[in-house]
Structures are given as structure tokens and as C-alpha cells.
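Below: a set of structures, written as C-alpha cells.
The same chain A turns up in both complexes below, where it pairs with chain B and then with chain C.
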Partner chain A sequence: MKSSLDGMAPNWRQRLTLPRGMRDAINGVDFNRFRFWLQIFFFVLLVYGGFTGLNLGNNLPTFSCGYNQNGRPGVCYLLPLQHQLAMPTKALLGYASLTILSGLFIFFLWFIVLNKGWCGFVCPLGTVQDWITDLRVKMGARFTRYSQASFETLSWIKYVLLALMIVIPLGIGAGYFSHDLGAPYCMICPARLIIPTLALNFDQLVLDFSSPGKIVMTTLGAITTGLFLAGSFVKKRFWCFFCPMSAFHYLLSKPAFFRLIKDGDKCTRCGDCYTVCDLQIKEIADDVKNPQIMMDDCIVCLKCVAACPEQGALKATFAGRTVFESTEEGFIKRMEKGTRA
Partner chain B sequence: MRSERSAKGDRSGGMNEANEATAMSGMSFGRGPTVKTLALRMGAEPLGAKDETLTDSSVQILANDGARSSAPLVNMGDASRAKIEIQNYGFYNAAVTRKAVHGRFLDVQIAQAELLKGAMAHGGHSDHDPKLFKPTMDDKAPFELIREHGPDEKLWTTIRSGEKASFLVRSYGAPVAGARVTFVSQEGWRKVVETDANGRAEFTLIRDYFPDWADFNRRHSGVFLVWAKKETPEAGVYGGQDYAATRYQASLSGRYYPSPADYESYGYGVGIVVFVTAFAGLSIWLFRQRRRKCFKEIVFNEKLA
Partner chain C sequence: MNGPFNSGKPVVPEPSPQSAGASPRARKPKEPLPFGKTKQAREAEKVLNHIVDDFDDNPKAMDYFYDLFRRVYCRGETIAPDGPLIGTTCIQAPEELIYAMGATPVRLCNGSYHYDQIGAEFMPSKSCSLVKATLGMLTSDDPVPRVGKLDLVVNPTTCDQKKKASAMMQDMGHAVFDLELPNVKESEASRVYWQRSVRSFAEEIRKVTGKKLTRKNLKAALARTQRAEKAFRVLDGFRKASPSIFLGKDAFLVVNAYFFDNLDNWCEAVERLNDELKIRYDNAVRAAQKKAPRIVFTGSPPIFPNLKLPLLIERAGGVVVSDETCSANRMLYDMTAVDEWLVNDMVDSLADKYLKPCTCPIFTKNDDRRRRLLELVKKFEADGIVYQAFAGCQVYEMEQRSVAKTLDENGIPMLYVETDYSPDDEGQLSTRIEAFLESIKTRKRMRQ
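Showing the complex of A and B:
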């Protein structure tokens, strides 16, 4: 019996479907090793790429820290955004609004390609946290998880930081706050101290005594960096939980090309995905109704997909096309090789 | 120019620069033209300099791509001002020249200013073009004073007290050795050196900003003034008057800011990071120790059961 589809030209998705052998190879890949090397590539690119003269612009949706003046190949969008928002209110309501909108548009173009995969694969500060986790594993120390109640409370912090990151610069522009508060989030961001230091630029490791505002902000920056180092040692992706860039990403994530999809009918709620989740997102295991399973804390690292034993229960898609999905064979292959913590 | 000024030899004309806010230089969105206003001033020290007027003169501008233009000096009361529009990023040279014969000398005074269309340019294209960071030099100028740029100097770099500033004295593109170069800081500290064989004179920008801590402003800018002099045996006729030698004097002013060493501390910065890391680490360890419960064996008394 002939199907009604027989004889019809394949649609573009079918034409783009990879051969089965190649799909099996991708789905069975040693994913953690692949991600490890991909992170190293992006780390080198974003921390040292500037030394080669590379220039990716100033609207990057990841922590290519602007304070890493010589090593950066581009700049994290949060820095120019805060500077732009701190312009005088009159200018902000005039020509400067076009500058902000155009910057946001370019940021968005970068962002929709990878969605929050910018956090899971590209962000150099995230990579540093993963390396600190590796160190902890090698030292045999155990990790920490938040209680569910703490998780739900703490997960609001990134939105509070995002709001402050917008309100304080607006207040600076309106004359309510001192310019010494500068780009307030950048002043307390651990990346400001850590990323330039990794590029052998130690200028940010200082306490600035030039004014009360500078003292407060640079002290907060030093404190958050200390907390980052200690926290990342015991809690996987410690800072990502509080990162306003992550919150910003989530607010814009609906039209993104790269997505994490869950087929609840295939999920057995074994909990493997939750166990490997660095951000401790419970919905990845519990929610069997919502196919768009990427939650606000998710960094789209795809460790859940790699750890899932059910065929097609979790998958990463790009523009609707599956690029990596959970398979039993892939799961077994990865389990035999052992998984990273 | 009044003759007694050049005869004293310690007074110099100069041009001070001010931005006009048609575009915000220093920010990446300053893509339109930047308008600079130059003020012609005369004096032996930056703080004591007075506005000066000059008639029928114009400011000659040399762009970093070699393009030449001029802008008229407009007299407003006792002051001459020029507005200069800069289209592209980079350093530009502006110069006003006046000549007069005094006795057997032709005095050529050149008031110079280095103009910058700058950009904080977080990752912008101007951030990566080394051609834009170089000082602009005029190989056709009979006498010029150029501030050398540091190896890390870009379009937003500021000069800070404590750093060395070096200047080149050139004539038709060639270095002038043995020219007397005088440096005066905002508060009047002064030093005179002679240029070496490469036409270079170097000064350390000493700290001369000592406010109370409560009044300290990290953005405080002081003005320095530098001038170079050289006498040459060039003879000729100017304005119908014969002269047997030429005395050149070029002046250049600039701004410098407090050194970060005056208000930044690595000790405290790194100290806080280390302390918080250690304190947080110790707290986590103690927290875990407290939650660790000793094994307690439960023994059933089977006789009672």
C-alpha cells in the first residue's frame, strides 16, 4: 500500500537529515570529552583571542570580559549596556535609545544562535567553574546541593541583579547615583577579576580608595570573587545560579534556534538527568508535560541528554532539526567509559 | 606678539582643547563627527596662562591619514577660539603659527595641540587598528613638538602622574638634537632638558595633586605645558625686514591624571579575595563537620523482646 507521502519531494528538514551512521556516531559521542575540548577552544578564543587582533564586536552574549583589555576579542554586552543606560536621561530618551536598541539587536542575533548554550559551552567563567569542579573531584571532596526550598529562594537573585543592573545605571544618568558606581554589575562580577588575571592582566585585583562609591564596589567585587572561588569548589556552576546574563538570556530565549526538547511520553523519570544537572533543575526529571524543558537556570550544557538512557526522550534541536538526542546505545557507551562528576 | 615675551624666554603660547558635546567622545556610540574647541592662551605656567588673541590667523590641521585642512581663529572678546570638526578616530595635529622679526631674529612661534577623536570602544573596530594609536607627525613642518605615545596607548589611554612622557622635536621630518625643551606641570614644577640625537626629551610627570582624601577626585586632570626652542642660522626677509637667524619655539599642552598608585591597593584587593575564599571555605568545612553524625550502634536487648 502506498502512502500519500510517497512520490512527494522530501521537505527541507528531511533533506537535511544526516545519514543514520553519522547520527549514531554523534548520539554516541563521548559527550563530556567533546564539551571539555569545545570549552577550551572558546576559553582560549574569548580570553586570549584579542592578542591576535580578532574583533567580534561589543555585544557578545557571554563573559568576554571588557576589562581584559588586550586579550578580549569582543566585549560582554552587559558592560556597554550599563554604560549606555548611565547616559543622561535626556540623551537616553533621544538618539542614545537608537544606540541601545541597535546594540540589543546585535546581542540578540548572537544569542538566538546558541540560546543559553552560550553559558554551557562558551562562557569562560563557566569553564573556569567546571575546571574548579574537576579539581574538587580530583581532590576527592564531595559536592553540595541546595535544598529545594533554598533553590527556589536563591533562584530569584539573578533577576534582582538584572533589575539592579538596569536601574542603577538609569539612576546614574538621572543624577540620583554617583558615576563612581560605574557599571555596577561588572564591578561585582567575579569575571572582572578572574578573566583579566588569567590573561596576566592584574589591574582589576585592586581596592579603589578614590571615593566611597569605588571603595564599596571594589570591595564587593573582591568579596564576590572570594565567594566564587570557594562556592565553585563545592557547588557546580555556583555563579551561574546568580548570573544576570543567564536571567537576561532566559527572557529572550523563546525565538532561539538551539533548544532543549523533552518527550515526556518516553521519560521514565529515572532521574539520571537531574543527577547530572549542574544547576540542579528538578523539572528536567519531573516535568513530563512540557516539551520546552529549558528552565531559567538551565545552561544548555546537554549533560542531561548525554545521561538519558531513553531513546529520544531528550534532544537538542537547532531550528527544529535534531542535532543530538538521547539513545540507549549512546548511554551505554558513555557509561562504559565513565562519566565526569 | 609682543617682543618682551619671546625675549624672556620662559613664556609660551599654547592651545588648550575642549570637547563640544555634539558627540560623546570616549564612548563607542560616538560615531558622528566630534567637534573640538581650541583656545589660544599665553603664559609661563598652565594655571597662570591668559587668553590670547591673534588676528588673521587660522589653525592648520593635519589628520592621521595625511589630509590637511584649516579652521579660522575667531576672536571672542580677549580670546581666540577655533572649532574643529573631526570625522574619524585617531590623533590629529593642530597648529597656529605666528612670525615676527625682532632685531636680527625671525621669531617663529608655533602653538600646537594634539586632538583626539577617541573611543572607549568596547571591542569596536577602532580598538584594534594600531595605525590610529600613533601620533600624527608633519614631515613638512619646519619645527614641531610631538608627544610620543606609549606602546599600550590606544584611543582612550590617559596619561598619569608618575609616568614618563617623552617628546620629539623635529624639523622637516628629521629629529632636532640639542633643542631646549621645557616642561611645566600644572602647579608650576618645571624642568628643562636638551633633546638627544634622536630629538627626544623625556620627563617624569611628577605628582602635584595633593588634596585631602575627601576631596580627592580620580578624574582630576592637570594641564602640563611643554615647549621646545631652537635657534637656526636661517636668514632672509620677512615682512620687508631682514633677519640673520631664526628662533623657533613650539609649544604643546596636554592633560594628565592622578596615578592609580595614589588610590588603588593590590594588597587590600587580593587580601579580601584570599580572606573571603579562606573564610567561606572554612565555614563550609565546619558546616559539613557539624552535620557529620557519629555512627551509633543500636543494640537490641533480646531478653526484653
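Showing the complex of A and C:
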């Protein structure tokens, strides 16, 4: 294949602003491989970083699971948030409101840097799901998809979980529910069982029989973890679809720096992006009106950008500057690698 | 002006030369003529001469294609297929599946006036020339391109005429597989339906070739078409150059060759052409005048030898810089993205590629077609659009209104031409095209 792409498209090349070589190198990158290694880096950081004494605080917008006491370099915000909300109502209306607000603010600051890129690149539970997917592919098994109707229904679950995660602690604080429900979302979060285990801490792998509430919650946790493992094997990013962190992120995403942008004029609606999207987001291909194309289920993994053959139809921007965009050359390079592998 | 097709020959169906004196319907040659003397060969020869001789300084690498057409269309040479030969009547039949299972696809859509006349007996008088010509070719004993015996014909259920042609091809003795294509392409239901159709198509090919679809052979097939798509995209990129370094008549010929040529030879030839165009680009060699109106061609597909309209445009001093037709751009532009390189995922991804970006007018909506035209005009810095509708091609005729409206709203001039394969409207068309190009030039001058 000797024909070189350098000869092509004299016109669009001239529009580029960054040094051409740099820009081409970024856009032509073997994206999946790059992401794979970046995910490993963050996985190691968030699951084992604590062993080095690193401490990033208690307000991380990703599943740096708090139950992984020694390994975590900081705590997933959902844990302290639920504890704070479970304070007596009186306290909540008084001094504790400041604690909550300042916590939320720090969480927000962390979050807006990467937007849902926290999910696509950083979250260890997301990464575990991707590894389970890799395992399935190695075994040659195919994945499943939801029908459009189920997709639309199931898509609500994460908001319901988010609401429960707020309402139940508030109810505990107000005395309606038992403290045994603890941080209710954490009790059912697969990360509580999986992340500490990966750091060789097996404390969470038991059912807690000390009270009826704890029996129920730890049993539910075991069930969701089982579902997580089985689900991720047949459905890409199975859990992310239901994750309340994802819902939380989406509600705060308006001012984020890191964005997924679409130029509908350049889109041929070929559906390539939709084909590779782990979250089955149809709008990524079909919506040609809305430049802010990050939908609520999106994890900003940027696989769609890497799989779009149209120059500049999809891109990731940081504070308005393009950091990675779809290019014809990059697309061809990546797909050639696929057919050759 | 005497155009390339206006040979002064009668245009009403005439007895074919093989059966001089007999009724026009009796086509069985008593004394077969040498191939070069047959009507279809002479028709091809004449057009080819115009394509080659009417323009100075054709790229050297185009010789491969000029030669190929001479060999196949004028001398009746056969391109030997690898394995069974599977005819397709539309770009929607995923050829990667055919290649993967060891067969060779050949696109049957035909552009010959000679076959159009023969095929007329199958269809009502006001029908599409392309469908008639395809039927005419399939019923001939000595068809061009000489594709040999077809082991299967795949007929995607697109427009009504093609749908009804299915049973006729069957009556002629061809094995026909109706590849079920949905009429709506936006819904998820249609996508799932189509993915299923494509899977049953794969099943059908397996019956013909006896080979199983595997991860390995499908990947290899994808790599082959990928190479073609890449070569096509590079070629397409050169057409953005202004002033133009490559003409549309050659671009159509190149993609028309893809219909029947050996895939690897085709890729090599296009890659050579690209290398030459790169040199031409670097040395600022021009293929047209600096101020030549830049035209995007849309509508019913020009298929050799019916390159009437593109040739008229370029002989009149315009350049076809891009097109939105299923005999060129739409055939090779879109590329398949695969996430997991397993058989199932590859097949589904292929299905998506053949359905989702398609701007064929048989679908209910044509938003994508209109958006694509606007984008092509922008990308190729075009000055206007020529819209060809074959008389009798209802879907293209019906879309004229909405396309015209969109273009009008965006200030893009359009010439709508209703025509067919017969050469007798050529004088009148040439006047209209000249006037259209002239008006574009005036517009450009006024703007400056």
C-alpha cells in the first residue's frame, strides 16, 4: 500500500493551527491502545496509590472506593456525601450545611476538569468492566444490546438510584430509617466488593448478620456484584448505565472544561460512532443539530471520535481548544490496524 | 453542435446488427459478428474515444482504465473472477461478505443505450433506463461487461422498479436473492431488521460457495475493500484542488471500473493514479481553466457508456468536482468502523455502513442527501449543482422539489435535467448546460 495520504486534501490541511506534525500525531494515535494504558495508570493510582501515602482528599468524582482503606489515594465522594446527609436534620440545617456545600464544591472542581472523562478514563470500576469486555472478546463471545425501548426505560434507573442515595440518608438523619442502612448506595455498589478485593483487602466479601438492615443491604450488595460481573460479560459497560455517579455528573456537566463536540454539518450519519459506542448512544450519530453531544449515559471515552471517518465531525475540546478530533487519516490508520491484527 | 453521442443513428429500437433483417426481438445471432463490430461495442468505443480524445493531457495513469474499458467493452475480454461470480444490482449488497467467502462480486447496473432498448420489453415505456439496461444486459447471450455466468444475483429491495425486476431476472434463469432493505433508515427497528437481512445474505453466499464466514476471511476481505476505500478517498481529496487537477469524467470512469475489475488490480491502478496526481498537484498542473465552474453532480447515476451529462459539462468548460451518486462517491466513500473484530460485530458494522450513511432516494426522508449536498459544495468549493433524473426514476424526480428548495435557501444554483440513455436530447442538453455554466460565471464575476 504505497499510496501516501500526504498528498491528499491540500485545502483542509491549511486550516490547522497547532504544528501540523503534532496535531497529526495526536489525531492519528492508536486510540484504544492509548486509552488502555491510561486506564491502567489511573487504575493503579486509584486502587493502590494510597500505599504510597498519596492523599487526594475525600471528594473525588470517581469510584476511588472508600472501603479500600489502605490502597485508595482519596475517597469517592459518594461515601462522605451519604454520611453527611445522614446527620441529624437539625445539624444539616445548621453547621453541617457548610460541610456539605464545601464538599460539594470541591467535588465539583475536580469534576469539571475532566467532565465525564472521569468515567471513560479514570474510574477503576469502569476499567474493570472494560477488562471483562476484553476477556469476552478474547473468548470470542459476542455482546448483547438493549432494544431501543428497554434502553429508554433502563436509562432512568441511575436517576432513581441517585435520588434514593440522597433521600434515604436524609430519612436516616430525620429518624425515619435505621442507621443500619448506612451509606445505602455504597452498600449495593459493586465497587465496595470489587475494589478492596483487588487491593487484597477481603473485609467486604462477607454478609453482615449483625442486624436485619445489614443483612438486607449486604445481600443486595452481593447480588449487584454478581449482576455486575455477569452483566459486564455480556453487555459493554453494563454498570455505567445504572450508575448514580454518572447521573450526578450529568447534572453538573454544563460548565465542564472537557467536552465532546459534534459538527453536524460534517457528519454523514454513517453510524460508525454509534457502532462502537459502548453505551449505545444513538444521538452520537443521528443528532446533527446539537453541538454539545454528550448525552447523559455518555462516559466520554472518545471511542466515537476515534471511529469517525469525517474530518472534524467529532472532537474533544478542553476549555474551547481542540485536543483530539476525528480525521480521515486517523480513522484509516486505526481500522487498518484492526484488519491486520 | 454535434455532441459525442449524436451519431445521427435512428433512436427508435432498431434490429441489432447480429440479427439484421429479423424482428428486433429475435436477438439470437445466426452468424455472430466479431465482438468489436457489435452494437454495444461500437457504442462503448464511441464514448471512450470522446473521453480520451476530447481532452488534452489526460493523466498517464488513466491509460489503465481507458485500456480496461477498451478490452472489456470494445473487445469483449473477460475478467476472470476468483470463485463463483455474484452479481449485485445495487451498492447496498455488502461485497465484503462476497469476497470473504471466496466469491467475486460484479455490479450489474448498466449504462448502455443498446441494452436499454433491449430491456424495454420488460418494463412499461416510462421506466428507468438503468433498470431496463440492466435487464437488457442480463437477457443477452453476449453481455458486456462480459461477466460470465452468474452464480447468484443479489437484488436489494430498493426502488419499485428494481424490486419488480427481481422476478424478471428469475424468469431469465438467474438465481436471485432478494436482499431485504428497509424503507426507513432512521429507526433502530430498521437497523436491526437490516442487520438480520445481511446475516441471511451471508447464509445465502455460503450456500453458493460452500465456504464458511470466519473471522480470518472476513477480516481479509475488509482489508481489501479498506484499501480500495482509502485509495478512493485520496483520489477524492485531489478533487478539492482549485483549479482542478483531475476531471470528473475520469473519476466516473475509475469508479465505474470498480464495478467489474479485479479488486487488487483496481487498487493498484488508483494508487498509481494518486501518485501521479500528487506530482501534478505539486507542479500545479491544471486540468481545467482557472475560472471553470465547479459542479457537484447528483441524482441518477452516470454509468459507462452513459457518461453523457458529465461529459457535456466538462466539454462545455465546467468541471465535475464531486458527486452524490451511487455510481461513484456513494459507492466507495463511506468506510466501516469495527469495534470488536469478531465475525458478528464485523457483520453488523458492515450492515451499518451499507444502510446508515446511504442517501438513496428510496428512503422516506432525504435530510441526509440534502445535508450531504451542502457539505460537498462547501468542501469542494463548488459553484453549482447538476441534478440528473432518469425519466421514469420516480424517486429522484420526486426529490427534486425538496433538494431545489434547500439549495435555493443556501444560494446554490441548480440545473435539473431529466433525461435517459438515448442520445437524441443531447443537442438540447448541451445548450442548457452551456447556459447554466455561463450564468455561474456571470455570478462569480459579479461577486468579485
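Everything that follows uses one rule, which is that the second predicted complex is superposed on the first by the 321 of 341 C-alpha atoms of A that agree within 3 Å, B and C clash if a C-alpha of one lies under 4 Å from a C-alpha of the other, contacts with A are read in each partner's own complex, and residues count from 1 in each chain.
Criterion: a residue touches a chain if its C-beta (ideal position, glycine included) is under 8 Å from a C-beta of that chain, and two chains touch if they have at least 3 such contacts.
The model shown is predicted, which means the values in this text are computed figures rather than measured ones.
A.B. asks: Based on the superposed arrangement, let me know which partner A:R192 touches: chain B (first), chain C (second), both, or neither?
C.D. replies: In the superposition, A:R192 touches no partner, neither chain B nor chain C.
A.B. asks: Looking at the overlay, what does A:K262 touch: chain B (first), chain C (second), both, or neither?
C.D. replies: The answer is neither, since A:K262 touches no partner chain.
A.B. asks: Which partner does A:R72 contact after superposing on A: first (chain B), second (chain C), both, neither?
C.D. replies: It touches chain B, and chain C stays clear.
A.B. asks: With both complexes overlaid on chain A, does A:R237 touch chain B (first), chain C (second), both or neither?
C.D. replies: neither
A.B. asks: Once the structures are superposed on A, label A:L207 by its partner contacts, choosing first (chain B), second (chain C), both or neither.
C.D. replies: Once the two structures are laid over each other on A, A:L207 reaches chain B alone.
A.B. asks: Of the two partner chains, chain B (first) and chain C (second), which one does A:K315 touch, if any: first, second, both, or neither?
C.D. replies: Neither: A:K315 stays clear of chain B and chain C.
A.B. asks: What residues on chain A does chain C touch that chain B touches too?
C.D. replies: In the superposed arrangement, which is not itself an observed complex, chain A uses no residue for both chain B and chain C.
A.B. asks: For a test of understanding, state which residues of chain A touch chain B in their complex under the given definition.
C.D. replies: 50, 53, 55-58, 60, 64, 66, 70, 72-75, 79-80, 83-84, 87, 91, 96, 99, 144, 193, 202, 205-211, 214, 218-219, 222-223, 225-227, 229-231, 233-234
A.B. asks: In the complex formed with chain C, which residues of chain A make contact?
C.D. replies: Contacts found on chain A: 1-12, 137, 140, 142-143, 147-148, 264-266, 268-276, 282, 285-286, 288, 303, 307-309, 328, 331-332, 335-336, 338-341.
A.B. asks: Along chain C, where are the residues that touch chain A in the complex?
C.D. replies: The touching residues are 186-189, 191-192, 215, 219-220, 222-223, 226-227, 230-231, 233-234, 237-238, 240-242, 270-271, 274-275, 277-278, 281, 334-342, 344-345, 348-349, 352-353, 355-357, 368, 371-372, 374-375, 378, 381.
A.B. asks: Mind listing the chain B positions that touch chain A in their complex?
C.D. replies: Spelled out, the residues of chain B in touch with chain A are 24, 27-29, 120-125, 127-128, 152, 213, 216-218, 258, 260, 263-266, 268-270, 272-281, 284.
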